[in-house]
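Here the structure comes first, spelled out in structure tokens, and everything after it is commentary.
So that you can tell them apart, the chains are marked A, B, C, D, E and F in the order they are listed, and the count of residues begins at 1 in each.
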């Protein structure tokens, strides 16, 4: 029973319900393909966080986006 | 100083303030009963996540609920 | 299907197998008592970490233990 | 830059290096297919934990395995 | 590429955008000073959680604040 | 009581005890400088993980290191 957590920034209105359904499906498949188990029990959770709350190299994604 | 994190789906309006108080108390007690320490220092955090953001077996809880 | 994670320091040889069994049982019970669900599906994971890798107030548990 | 964390039990000698390489690749692909981004920046981390430290329904995987 | 996560309570209107920018900068610097790497790749994420969802010694921060 | 978690790869024999002491101190200071609280209560935990268990862009750090 693997637990897969995805932490991603909330961009352009956020991930849609359909995208999250697809993501859960595809991540689960990926795990099953490699380990031949977890098909029914694999858990996927998604955390969407503000671009103000995510930084790389000491700079928030909000600010990185402004420059690019 | 154990740190106990609970990740749960946000259902039926979400956990109430009272439920979260009880949960913190009972989880702390559970830890203390087993390890005889942590009574004052045990930390409990609760993450409530949307049923769209939680999937089992590649299917979101939102969709699982619809079928049942 | 709540996911309960316990992060605790590895002390005095570490938690025994029996303690971890009890902990899983008691934490699950605590959740079920409050929310009336999760009896069969509640997941408990335990992370034991070195006292060198856990600090409070800027000081590692290893060093705090030495002083007390 | 999504961060994908996989928490899985350490079974049968643990995941091999090759399995972890494949897993990282496939999970990254899955994310990219859905969101059309993250190809170079997606981070995948894997936590393997003892079957003594993972429980479902209040029972450790170690004990569940014994019964089956 | 260290990943630094900060879990903090949402107090007094929450951390401002400026505070989160500073925090990301300073935590990244701290890591770089110690390990001489990670300057461009260090990731910082911040989770702000309700004082109802954070407890110490079995009591929520909300209730602790009321008493003090 | 902020909780700061650092997830880093285990490189060149791993972080020393002294580095982890310094890291805990500096991260705590960084938090206190920004928020003017947490001096005594800030928790820092460090997870060191194998370069086989950490990937970027679908490739493990182990393999990235080999190429560079």
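Brief remarks on what is shown
In this section, a contact is a pair of C-beta atoms (placed from the backbone, for glycine too) under 8 Å apart; a residue touches a chain by one contact, two chains touch by 3 or more.
None of the values given here were measured: they were computed from a predicted structure.
By number of C-beta pairs in contact, A-E leads when D-E and A-E are compared. Between the CA-based centres of chain D and chain F the separation comes to 21 Å, rounded to the whole angstrom.
Annotation: 14 Å between the Cα-based centres of chain A and chain D. Chain F has residues 1, 3, 7, 29, 43, 45, 47, 54, 56 in contact with two or more other chains.
Here the chains touching each other pair up as A-B, A-C, A-D, A-E, B-C, B-E, B-F, C-D, C-F, D-E, D-F, E-F. Within the complex formed with chain E, the residues of chain B that make contact are 17, 20-21, 24-25, 28-29, 39-48. Chain E meets chain F in the complex at residues 1-9, 15, 19, 22-23, 26-27, 29-31, 33-35, 54, 56. For chain D in complex with chain E, the residues that touch the partner chain are 1, 3, 43, 45.
Taken together, the chain D residues at the contact with chain C in this complex read 7, 47, 49, 52-60, 62-63.
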